[in-house]
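The structure is given below, and queries will be raised subsequently.
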Amino acid sequence: MDNKQEILRLLRSVADGTTAPEDALLELKESPFEDLGYAKVDFHRSVRQGAAEVIYGAGKTPEQIAGIVSAMGERGCRNILITRVSQEAADRVAESVPLEYHLLAKLAVAFPAERKQRGNIVVATGGTSDMPVAEEAALTAEAMGNRVTRLYDVGVAGLHRLLSNLDVLMRARCVIAVAGMEGALASVVGGLVDCPVIAVPTSVGYGASFGGLSALLSMLNSCASGCSVVNIDNGFGAGYLASRINQMEGLED
Amino acid sequence: MDNKQEILRLLRSVADGTTAPEDALLELKESPFEDLGYAKVDFHRSVRQGAAEVIYGAGKTPEQIAGIVSAMGERGCRNILITRVSQEAADRVAESVPLEYHLLAKLAVAFPAERKQRGNIVVATGGTSDMPVAEEAALTAEAMGNRVTRLYDVGVAGLHRLLSNLDVLMRARCVIAVAGMEGALASVVGGLVDCPVIAVPTSVGYGASFGGLSALLSMLNSCASGCSVVNIDNGFGAGYLASRINQMEGLED
Amino acid sequence: MDNKQEILRLLRSVADGTTAPEDALLELKESPFEDLGYAKVDFHRSVRQGAAEVIYGAGKTPEQIAGIVSAMGERGCRNILITRVSQEAADRVAESVPLEYHLLAKLAVAFPAERKQRGNIVVATGGTSDMPVAEEAALTAEAMGNRVTRLYDVGVAGLHRLLSNLDVLMRARCVIAVAGMEGALASVVGGLVDCPVIAVPTSVGYGASFGGLSALLSMLNSCASGCSVVNIDNGFGAGYLASRINQMEGLED
Amino acid sequence: MDNKQEILRLLRSVADGTTAPEDALLELKESPFEDLGYAKVDFHRSVRQGAAEVIYGAGKTPEQIAGIVSAMGERGCRNILITRVSQEAADRVAESVPLEYHLLAKLAVAFPAERKQRGNIVVATGGTSDMPVAEEAALTAEAMGNRVTRLYDVGVAGLHRLLSNLDVLMRARCVIAVAGMEGALASVVGGLVDCPVIAVPTSVGYGASFGGLSALLSMLNSCASGCSVVNIDNGFGAGYLASRINQMEGLED
Amino acid sequence: MDNKQEILRLLRSVADGTTAPEDALLELKESPFEDLGYAKVDFHRSVRQGAAEVIYGAGKTPEQIAGIVSAMGERGCRNILITRVSQEAADRVAESVPLEYHLLAKLAVAFPAERKQRGNIVVATGGTSDMPVAEEAALTAEAMGNRVTRLYDVGVAGLHRLLSNLDVLMRARCVIAVAGMEGALASVVGGLVDCPVIAVPTSVGYGASFGGLSALLSMLNSCASGCSVVNIDNGFGAGYLASRINQMEGLED
Amino acid sequence: MDNKQEILRLLRSVADGTTAPEDALLELKESPFEDLGYAKVDFHRSVRQGAAEVIYGAGKTPEQIAGIVSAMGERGCRNILITRVSQEAADRVAESVPLEYHLLAKLAVAFPAERKQRGNIVVATGGTSDMPVAEEAALTAEAMGNRVTRLYDVGVAGLHRLLSNLDVLMRARCVIAVAGMEGALASVVGGLVDCPVIAVPTSVGYGASFGGLSALLSMLNSCASGCSVVNIDNGFGAGYLASRINQMEGLED
Amino acid sequence: MDNKQEILRLLRSVADGTTAPEDALLELKESPFEDLGYAKVDFHRSVRQGAAEVIYGAGKTPEQIAGIVSAMGERGCRNILITRVSQEAADRVAESVPLEYHLLAKLAVAFPAERKQRGNIVVATGGTSDMPVAEEAALTAEAMGNRVTRLYDVGVAGLHRLLSNLDVLMRARCVIAVAGMEGALASVVGGLVDCPVIAVPTSVGYGASFGGLSALLSMLNSCASGCSVVNIDNGFGAGYLASRINQMEGLED
Amino acid sequence: MDNKQEILRLLRSVADGTTAPEDALLELKESPFEDLGYAKVDFHRSVRQGAAEVIYGAGKTPEQIAGIVSAMGERGCRNILITRVSQEAADRVAESVPLEYHLLAKLAVAFPAERKQRGNIVVATGGTSDMPVAEEAALTAEAMGNRVTRLYDVGVAGLHRLLSNLDVLMRARCVIAVAGMEGALASVVGGLVDCPVIAVPTSVGYGASFGGLSALLSMLNSCASGCSVVNIDNGFGAGYLASRINQMEGLED
């Protein structure tokens, strides 16, 4: 099994009864990962899910990261994302594999390769302090081949900053709204646009923001339709999902 | 001690050393309440605080309410507010004292009397379901002699409804922003006006609104300056505070 | 302004400098709603957001609902959704407007009209008790012109039930995963498919499910990429968002 | 649009129909901010809201702060508040702009200028440990042209300390009650005065104070009327709101 | 083992080495309860702890209550308290055993007998609505042979009501402070008296009182020394503990 | 007013009508504190409450502590407790006033003086890690003139350790039960003794102990009668209250 | 695949390489359930997991329950448990299938059949009110072929009741400790026995028991080793797990 | 009393009436611990509970740990576990007693001795970051004489990794499922195996994982039967309980 078209063909044969579901499952499961001891590296997900590979860096040593990345690189993976990785760890990984590091987002791209930027994802933030999370989202989306427009510091307490960029918002295929404190940005944006809105609560704030809980609850309760929410500070998750949405194929009708 | 001017005169004499603070305290404390057994009725607060009398109806029997109201009426109190009182209880109280009842707000005004409506308080709500709390605020403010402008169903998910009423908002001396769910109304209003904004979270919503907690946290974390917050569903408290603000005397300067 | 093509034309003229953003805003804001007193009915959202109209029924009287629906119907709206409405209220609304009522989902469709069912949204539930929320999602999506496949009672405690339907899941353009208790369905589904997954926590459960909090937190923390979450029991929100995603136009490339 | 009188004139022309609301909005929105990349500096808020400029220092680099302050100073802003800024950061900002730094409150005033101190705001604290938050409130109010009276360490566990200062409290136009632990100060003060009381819960305490949650809930539940609450440790917000209240113009009657 | 003097004699013999601790334990454990199947009735606690017997009525049927009470009565127990028992259940129990019922406190005393009222316990409440809990405390203490002074509706929002009763408070050997909402009563009382103060948070309130949580946290964080706290609405526990304190023997020294 | 007998005489004269309550209040309020600017030192509390003086060290500089202690020492205070003070701060305070420091409890006694140890307070802990809190309680009680018996590491998971010390427990006039994790010690002790039990939850534990919340809730819900609870880790409060209880005078009968 | 011996044989052939894991999976997955539309009935779990069948009754109609039970009965299932089912629903189900109903536990056993009672599980409760949950556990275990000893009302506040039954506890192969309020029973029992202890927190209690949260946290933090916890009020889960443990085969050594 | 057979003999004599329970208790209680001052070392638990000795290292000094271990070693204890102990502390303990230290698990084994590895416990983790907790569990089980199979990084987001090891899982006598974030691993494993499953939530994660709360709630709400839960990060507790279960003797029957 080596690409998505193959999988689709397989599933269609399941659908018309040519192949049994159990057989399809077995085909999909063939040799899916390499066991490094400390991790089971999944080379197959890019096939199964059509996505770039991602390594969650927090709680892994630079050696573990380098080991996983190298194994992937040997199989031909490119633009491998490493999230939540410190400058120091990234420097040590960079000794053995080619690596771009983005300090603000604490995100690295290993085996970076040119990707065409397609469609249009807008990443908006309520304030300057939300930028690290927003950059994690934006860089993730870019690494996965999406065009990204940044719209930072457009919080609702100064509504004119948002309204002046209404045209930018309305041209988006997907908006990522990143905000801490009261998280109202998602509701206001959700009421203005007609594309999917992914809300990312951030832990920016103090006191009764309770580490992002306030923004999280706000966004979950948004009165605006078309919004959904990811975990607090989960810029990566938002960028990844936005990529899936932005790259949807059209309905055949 | 029978009116606020007297108190001010007294305090100034404290300030210039003519009267000792302890003596002033004693003057203020003279005969402050009547003990009905189940309640210590405070006839003095209207003097000490310049406010209409208020009875918190929840957890009191109609007989207790009627007893307290009658004692007050005999001392000359008018426009006595009774909050959180059911239609049934109000009906029974109305048998012994003159009473106006407002069903939506579950609020009654005993010994109603004409009051001049002064200044301008705007009461805005995010949705139709917030109206009971908003009416409690509005009726409280009106009973205390304030002019009130109602601006209902102007939630941020349809921002144009709010912007179309920008002029109404900007003419207010004080705005009460009533909203449940994500409570973003307070932040947006707070960013638009330059008068004090009192935010009232409501328990309207479901799921992760957690009985108003979501709106409460949002409002406490509002990035807009000039906002403060009262308890969930506390329309009375907001109306009472708005009255104090609206009726501020100007600086002599 | 009467359709989305007009808006796109307008925004492109903004983009190329022909029209100023402020002018565009004014065009968009023209006559956007009718004020019924208790509600500001928004006839414009269907234009601005390309969506069917929706009325949140909880906390509104049958008279209010009928009033809003009638006003909409006169303007030509069809397939108007009314969520969280009881059988009794629906019966009374049905006296004045044509109405389909779905008891399990407590959802009504006013002025129902034939809509082509396009694309493919899969609605999956962990258990039988999650069906009311799932039906709210499925009926919402259908009212908005989407083809829906129901996959109920496929919770992870009996994994073979889910795996046997792997082909159904993998053909979806968007999956709605509805689950209470521990909410693991979203993670497992998210790891199997490569389309966007919308997770809906439900309040099904007892004890430490804390009214859906357990499922909500699980889904927010999902290790699977491509998932996002809506409010507890918010079937409507999931269906609405799934429709937006399912009906995405393809990238022009 | 260059001062508040202009805005009032404009709004009155809206009120009498001479100007349409939309036109007023456009006048207000003209050239409202400068985009520095990392922040959209809002020169207009001082006009729109009649307030001194404020920069939330937490999460900004000294360079960013200096950049924003310089841009403001060039436009003629004075008494620019920078909150939550460390001594080190302040020292570096002070290399490029004139700056007063207040260590206890971690607050700086850039381009300091003489301001007349008007009216009377009392800032009271429950204990010595609440002083940093209280000073943030007091210095904010002073920077905005208000006379401030400090009344520190008057917690309710030693009630005589508060009662001995009853005259000071009763002469206030607005009281800011700052307290951690059980936060009872706001309720007691609220029962003694007849001006608005702004309650500021602080994170002072341990164990079941849960970082200020205990004081926050207490203050929200205050039985005393006329109180409202801001976020935990939000001295700035309280000082800012107190200034708005203290500087209210009198009713024309 | 039939009375406390016996136990003291026993323990002193342990202390001087005459009796081994293990032997003392065995003497204490002899025939301690009767097993009714649904309950293990403890006739020994009154000996071991010198207390009246108590039955927690909630979750027991009238038959179970009557069975337990009868068994106790046969052994000579008097003034048996039954807490949290409805009027209906009490009526049915009263068919088989002599019973006094107190409706407000939902508390019954079975086999009532005259008891000398000794010492002085003050029960104070913040408001009228706290009376049911306060009465549970007061009646418990009275049934255990203590003199009780009631001081209701003396909440801190009207401080003069409390101060006018300062002499009553200062003569107490133990004060029970019962309050909901913000629970500040305990702190203020704790600062005024020099006897132990037992704080009882009540579930009176709404919104952010969260069923008594606000009062509970306040009381736990009280800055006043000499206070301790029992469970929300636990009037019985407070009355029981107050009795133990009030009836302390003096130090021999 | 210089000692408690005087106060009792005064209050009795209030009780028999010889003195008005207001006059008594004034006598009590005379010259109650010295204002050091950063603190209002209360020399009167020892009179009003019969207690040793206490300074909460957290959040005060060594200079502030030394200043307060010196002022107290000059007035003749002895055995002044300073809680939550670091070794470093204590060393600096010790440069100007005589001081005993207890490292484990982070507690100092300034101007230490011999006090007779009276009565009997037992301080029991669940484990070794609870000792710092237990020592704060024990040292506080000792500084206030109480005899203290320590019973450490007798948690309920090894019940025989507790039962072997049953005689020690049963001779106590007051027990302080200090425990983290599940806090069951208080319930078990409460069921064994017939004196007041003060439960102190500690923050010892991890995971779902949530910083002491688990132990706090356990202790509040204790099924054993005669228990009450102080704040998490509040050894001082427990020792102070135990002293009040231990030193109760006997009933005159 | 029709019994567990077959499965073991299969797995051993996997272990020695005779059968591939994938093949084993397919054998296991063959025809595992029947789809009733509203539920996917799993006839295979009894094979795969060696357990009696269980239906969670809450949220299912009597018709649905009867449908599922009938389908199971036809396949030969016996002793089918139905949990959380009301008397009314059970009566209606009993019209079509043989059924035993246990009112206290709200649990039914359909197609009841004699089962040998093996081993020894002790079910202990803290109080009388915990009996419904305890009975759910006990009846579940009995339906699955285990001998059960009930030990009710042995809470730690009267420790002698528990100690008198020490022999019963120590003979158990597994203990289920059921308790609400502070949940200390699990810790004390866990310290006394050397078999696995399953702790079941119950929602019995009030105030700060927060619906069972207090007992849940206590049990999770138990200092005693060998304990684990199930969901609040989850008697079924505890009985099911206890059965698995009680029926463990011995180690072959 | 020196071994478990003796205890069983004793208890059987209790059961047949030859020995009174009280006498048995006394035999069991004889000289159960040595009092080191800071700890009561329990030499008896290994007899009473048949377990290896365990010392909870957190909050103990190296000297205290060494003291306790030495005392145990002198009595002949072997394989003494010390949990939550840092490398530094372990090094200092190792100066006086023989010690194996495991850095990842922060766990030491003092007086290590060969133990036969019996039965089969599987320890599975969701991700690489869960390994420290998993190793604490695995090493604990091994020190207690159990064979352990490690299955790391098999989280449900890549289901094939788990399914490929189905045979390993199904041969287990007990499975320990260790997972953070959404904790779905326990549910999925619980649905696949028919042995007891012990779920260990970990604090791995960020944002709405709230320090392990999300995983904890998920696991408590697991729809799969046969699961129970220990405290967050409590690898030791899981390993200890798994050992008890794995080493169950078979039913005699």
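Worth pointing out:
For reference, chains read A, B, C, D, E, F, G and H in written order, and residue numbers begin at 1 within each chain.
Here is the rule we go by: a residue touches a chain if its C-beta (ideal position, glycine included) is under 8 Å from a C-beta of that chain, and two chains touch if they have at least 3 such contacts.
Only a predicted model underlies this, so the values are computations on that prediction, with no experimental measurement involved.
Look at the CA centroids: the one farthest from the centroid of chain D belongs to G.
The greater number of contacting C-beta pairs, out of the two interfaces F-H and C-H, is seen for C-H.
Look at the CA centroids: the one farthest from the centroid of chain E belongs to A. Chain D and chain G have Cα centroids lying 59 Å from one another. Computed centre separation for the pair chain E/chain H is 42 angstrom, with centres defined by C-alpha atoms.
Separation between the centroids of chain G and chain H, computed from CA atoms only, is 23 Å.
Shown for chain G are the residues in touch with two or more other chains, namely 29, 127, 158, 163-164, 192, 207-209, 213, 216, 220-221, 225, 231-232. Residues 126-127, 155-159, 181-184, 187-188, 190-192, 205, 207-210, 213-215, 217-225 of chain D are the ones touching chain E in the complex. Partner chain D is touched in their complex by these residues of chain B: 4, 7, 11, 14-15, 21, 24-25, 28, 48-51, 54, 118-119, 163-167, 170-171, 173, 192-196, 198, 216, 220-221, 225-232, 236-238, 240-241, 244-251, 253. Residues 127-129, 131, 152-154, 158, 160-161, 163-164, 204, 206-209 of chain C are the ones touching chain G in the complex.
Of all the residues in chain A, the ones that touch chain H in their complex are 28-29, 32-33, 38-40, 42, 44-45, 56, 58-60, 64, 201, 203, 211-213, 216, 231-234.
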